[in-house]
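Below are two complexes that have chain A in common, paired first with chain B and then with chain C.
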Partner chain A sequence: MEEVLQLLLGGLKIGAIYSLAALGIVVIHKATKTVNFAHGALIMLGAYFGFFLLRLLGLPYALVYLLAPLAVGSLAAGTEWLLLRRLRRADAFAVVISTIFIALAVTELIRVVYRSDLLSMPRVWSGPPWLVGDLILTRETLWIIAGAFCLAVAGASLFAAARFGRPMRAMASSLRGAQLCGYSVDGVYAQAWFLGGTLAGLAGLFLAPVMGITPELADIMIVPAFVAAILGGFDSIKGAVLGGLALGLIETFAAAYLSSAGKNALTFLILLCVLLWRPRGLFPEYRLRDV
Partner chain B sequence: MPESRGSMRALTIATAACIIAGTMVLPSAAADPGVDKERILIGAFGPLTGPASWIGLGARDGMQLAVDEINANGGVNGRKVQLQFEGAQTPAESIAAVKKLVEQDGVFALVLGSGSTGAAAAADYLREAQVPSYNIVGATPKIRQPFSRHIFHGVFPSAATIAASFVQEALRSKPKKVAIITGTYELPQALLAGVEPQLKNAGVEIATKQSFDLGAKDFTAQLVEAARARPDVILFIGHYTEAAPALRQAPELGARYAQWVVDISAISDSLPEIAGSAADGVRSIWMFPYYFSDPAPAMRDFEGKWKRKYGTPQGRPNYVDMNGYGDMYVMTVALHKTGAGLTRARLVDVWNNDMHAVKPSDFGAFASDVIFPETFTPQDHDGNKAHSSLEVVNGHWQVVK
Partner chain C sequence: MFDHRPLRIAWRDIAGPCGLTLAIALLALACGTYVQYVVSLCLIAAIIGVALVLIVGFARVIMLTGGAMMAVGAYASTVLVARFDVPYLISVLAATVLGGVTGAVVAVPASRFRGHYLAMATLVFQFVIIIGLREWPGVTGGAAGLNVPNARLFGYVLASDWQYVVFIGIGATVAVAILAAILCGQYGKALRAISATEIGAESFGIDVARYHLVAFAVSSAAIAFAGGLLAPRVRILDPESFGFASSVFMLAYPVVGGMHSVWGGLLGGMILRALPEALRVGQELQGLIYAILVVAVMTFFPHGLIGAMDRLARQARPVRKKFAAPSAIAIPATPAGARSEQLHDGATALEMSDVSVSFGALRAVDRLSLRVRAGTIHGVIGPNGAGKTTLFNAISGFIAVDCGTIRLFERSLSGEPPRRRIHHGMTRTFQNVALFGPLTCIDNAMLGLGRNAIGESLAASLAQAVAAPGYRARREAALEALAAVGLDHLADRHAQLLSLGDQRRLELARAIASRPRLILLDEPVSGVSREEEAGILSLLRRLSGERSITMLVIEHNIQFVRRLCDRVSAMSMGRLLAQGDPETVINDPQVRSIYFGEQNGAASD
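Take a look at the complex of A and B:
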């Protein structure tokens, strides 16, 4: 029983990070109809910005958690404004290819500066773990589960309920309608990319102390982020959060009771089933009825 | 008239024979590539990008530091050493790099700074090409067997020797049961092949054997299985980029109560930084006499020189930097002993017969002795078999014996 609870904690820990990552992809897609394959690179940048601010500038963690995601968000918005805006009328394929190459360029640029050295960041909350019987709850685990999950919920609320998200909700609902209401397409798109980038930066910050920081983080995170988004529902804000948690649990239990290879196989099998039988995801925003 | 035709035929045959004999003699009389009055061109390759780039970057930077020192102090018998390092991440790239260095760039000798994967890939070509080659960081048996007169091995001994030292370290805890967590790529598999039979011979039960791919970051499956087996010792065979996240996860999955012994490629300052307190007490073997920040003059001298040249990137210098630096000097001692009439054949002869307990300061007092002395014989080309023991104490690696 302790083993199951321990695995549950591990699954929720990585699942909370996946939630943040998936939410960023869904926010950008909902508001701009863009599938952002550069999202993994944005997550990686969050980790590297955090390292730079914490280790090299010596800023406190509280400030790092504020500044690093905002920096990534600004970079994402800038990328949309400078590069992707010009492709808005182009084929969707062109936009997808552009985001892939932006990801590659950013990753290689990081490699030029930092090479592939494994960089480290200290735990946000260190100290002895709590023991509940044989169950070990480390402070880091608690911080990541609580912190990442709360921030994911906050990000979701920002989009779905707050005034800040109103233009993006309008754009998601109807581009023409939003324009007629006076919303600037350029402004709203930049806003969506800013929010998506900020969420990616946060995911990178939570991930950095756990996995270490290398350029490979971009490749490591892009697949789970997309899988979580698709599992939850690519157009569903709550689906992204719940899909991330679900994916974290599936991966962790599959790894423990099957194998590492089995974990990957099961994840993609579930994804395939979802795409075949519930293409709108497990937690869609709206229920469709046949009339 | 028939007589003159016969003598013409004989003359033609004799001339042809002379030409054929001449073409057979001429190549060996031509100078070896990569060496002239002013320079000696040494080729090297290793991964400069990707998850194993810490090997290639360490080899390149360590070797270049030595080369710069050597040239600043007059070079080798009046010749400057020039290092040409090719990036090669995969086995296919390693073969391509070696062929380019030998056939296109015409290097005089080669250094393999790639680790076991690249060394194994290039092994057959190197045996055929018979270019003097110095494998400084590859433990794989594929570069050692079949034996070649032209291939020598530096700081890193064979996987069998490392495995024996590794098992010896593990047996210090007198375990009854061990769990093995090992990478699926070249070096871990080569080490595993040596570790398993030695553990069995020592009467130790291998409770479970788990594997992971290069660059893995999540070890839930492996650690849960290891924890279930309740071993006394967990042997982790993989890079520090994998060992660090594994150790970090281990306490949460109940796998940290056992004594962890990691292999040499897991040794890095990044390991205790990332794993935190979970790294304390972890042990390993170390192919050098000193660890970083050791107060020994040779180590302080080396680290000072390295940082003045390259700055202070995190996790550097790593052991491959020391490896590259020290072994470049060993090669230079061999080049120096060969003398002014430098040919590949003479270099190989010297390396086989006149290299006993060679250390960097044998070339000049300005060199830092950060490796164990190396000895080569015509039958045994593994220059180093010595090692020390390392343990993480309060977040830092220390030599304990």
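Take a look at the complex of A and C:
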């Protein structure tokens, strides 16, 4: 029983991070109709920016948690403004392809600067873990589950909020209509990338103490982020958060009771099953009329 | 007159790339062993580049599993040779088949939803395969790698670089020839038609999901074939060299070269594979330079190197006098009255009884019964929201009816998907023109012939490559349809460059090419000029008379309906309001009040 509960905690911990990651993908996709294959790279950048601010500039953790995600968000918005905007004019398909190569460029750049060494971040909270019965709850675990989950909910409500989110939701439902209502496409797209990038940066920050920091994070995170988003229906904000938690739990239990290879095979199997039988995800935003 | 154009296309897009591939392999014989080694790798990349043009450029699916598919081919052929003593050539063929099957398995769930879901499924599959190779050391040698024996052909062992470059050159030429024939032929055109308009494609017998599935399987098979050729060349296989990074590198081949032509994939593959050898900078900088190069090419040359070369060539060429494209307006008009005696009552073309279609609580079509006699032109009028287009979508199968039956020439249509309706002798045009824009007029008409089942179109592609008589016959039929609407002089013009009036004519040509018995015309003159309207009017009457085609026409232009139609039905709120000859229906007081908004029955147009 304790073992199951312990696994549950572990699953929620990684799941909350997946939620943040998936949420960023869904926000960008909903508002700009772009599937962002560079999301893993943005998450990795969040971790590296955190390391840079914390270890090299010696900033306190509170400031790091504020600045690093905003930096990633600005970078994402800048990429949209300077590069993707031009490409989109020619062909929306090219934008998606370009995110793959932008991810490669970012990852390779980090590799050139930092090599492939495994860097580490100190824990956010020090102090002895709590014991609940035989259950060990570290401060780190609690911080990640509670912090990442709350921030994911905050991000989701920001998207739903009137001032910030309305133009994005307007674009999501009708691009031309939103344009005619006076919303600037370029501005709103940059905003969406900013929000998505910030969420990715946060995911990277939460991830850094858990997994360590390497350029590989980009590749490691892109698959669970996509699978979590698809589980949630890919266009559902609520679904992304729930999908992340569900994937974290499934992976943790599969790794414990099957094997690490089994975990990966199961991820793929789940993806295929969802695509086959529930293409609109396990937690769709709304029911489509059957037309 | 002997038509040389098909032969010229075959020469330029099939024989050309094959010739280049073979020539490069033979030229390498004159060089040192290192060059021969690099050329072997480039030839393999050329196969992959052309295979990716098919899936990325034509089907517009982002394929991120190139590395894994290559691993499937390389490992399968090696294991077959080393463990089971299978002859090398047969093992490569088996690996190719295995690659195709694997590709189909990956694509089956995702091809129903297409696009980015398939891209994400390929991404996940890529990681799963590499993990599988690493975690299954008993068969694959695991992370330590798998030794590959020298290739043995008919008892003759390939050992030196020149032997490999010749063998790989021949293999690459064969693969490029097959892929190029598929790409340039009917199959490739149908794929591009899908990316232009899926509804239009579906209406002319193209099974969208199955086309995507086959495209994915063919690409995967070609990449697995390339893997099988590569295995003995690299001596040792390790999972990492087929990792996600290699898939991304491969994706760059068609992107950089130009993803809409065989040449683009071919050149992109060869140039990018040779690039790291030519650059000779530090290993750690190569990935970064590669990525920046790709993004730069995408930004500045959106159509790749081939697109850039085309543009240069066009600028260099002296500007030919732009020939003024005569529009097809001038068509001898047949007097409207001359046709009415051809009407033969009796046979029923289309019979709908008690058909209902609802969207939630809204009944768009409400227990509607309608009979269209064979050989007539039957108009449907009514205010917006009356259910006219819904009715058309129900007849052409895009919307399922709730109840009631639709019978076409005495045969029930229930349960038939839209793409099968063309085989029952029914085609349609669209309110918002749904042409295959990037294709030429003649290609649009050829797809309109409707023989677009997968097997047929693959066979047609190969027939075209050798300019077989079957292909010529189909081309003649398509030209004849273009001539019938007066567009034969624009046969090689791209559909998206035509004026709206000519686009509506081209839709007609596409619709009549398969010699249907019934055509559904959804607002055939909306948005066209007055003169063009008269032209289309006489054209429709002529087509209906000469080819005895029954027509069901939705149109808001009442003068047009009055002059065109033999019978008219007026719809409102999903029900039939009135039915009869045009004058009676148009002057019906109820129709006048609902459709024209008149208070009393006073006639005025």
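Keep in mind that, in the parts below, the second predicted complex is superposed on the first by the 285 of 291 C-alpha atoms of A that agree within 3 Å, B and C clash if a C-alpha of one lies under 4 Å from a C-alpha of the other, contacts with A are read in each partner's own complex, and residues count from 1 in each chain.
Rule of thumb we're sticking to: a residue touches a chain if its C-beta (ideal position, glycine included) is under 8 Å from a C-beta of that chain, and two chains touch if they have at least 3 such contacts.
Keep in mind it's a predicted model, so treat the numbers as computed, not measured.
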{"item": "Three-chain arrangement built on chain A, chain B and chain C clash or fit", "value": "fit"}
{"item": "Chain B versus chain C as contact partner of A:R123, first or second or both or neither", "value": "first"}
{"item": "Partner chain(s) touched by A:R111 [first = chain B, second = chain C, both, neither]", "value": "both"}
{"item": "Contacts of A:G212 with chain B and chain C, given as first, second, both or neither", "value": "first"}
{"item": "Touching partner for A:L131 - first (chain B), second (chain C), both, neither", "value": "neither"}
{"item": "Partner chain(s) touched by A:L275 [first = chain B, second = chain C, both, neither]", "value": "second"}
{"item": "First (chain B), second (chain C), both or neither touched by A:F101", "value": "second"}
{"item": "Chain B, chain C and vertex chain A (Cα centres) - angle in steps of 10°", "value": "100"}
{"item": "Partner chain in contact with A:V223 - chain B first, chain C second, else both or neither", "value": "second"}
{"item": "Chain B and chain C, minimum CA distance [Å, superposed model]", "value": "5"}
{"item": "Shared contact residues on chain A - chain B and chain C", "value": "111, 259-260"}
{"item": "Of all residues in chain A, those that touch chain B in their complex", "value": "3, 6-7, 9-10, 14, 55, 111, 114-120, 122-123, 126, 129, 134, 136, 138, 141, 209-212, 214, 216, 220, 251-252, 255-256, 258-260, 263"}
{"item": "Residues of chain B defined as touching chain A within the complex", "value": "49-51, 53-54, 57, 212-213, 215-218, 220-222, 224, 227-228, 240-241, 244-245, 248-249, 251-254, 268, 270, 273-274, 276, 313-316"}
{"item": "Chain C-touching residues of chain A, taken from the complex the two chains share", "value": "35, 37, 83, 86-87, 90-91, 93-94, 96-98, 100-102, 104-105, 107-109, 111-112, 219, 222-223, 226-227, 230, 234, 259-261, 264-265, 267-268, 271-272, 275-276, 279, 289, 291"}
{"item": "Interface residues, chain C side, partner chain A - complex", "value": "56, 60, 62, 64, 109-110, 112-113, 116-117, 119-121, 123-125, 127-128, 131-132, 135, 244-245, 248, 251-252, 255, 284-285, 287-288, 290-292, 294-295, 298-299, 302, 359-360, 399"}
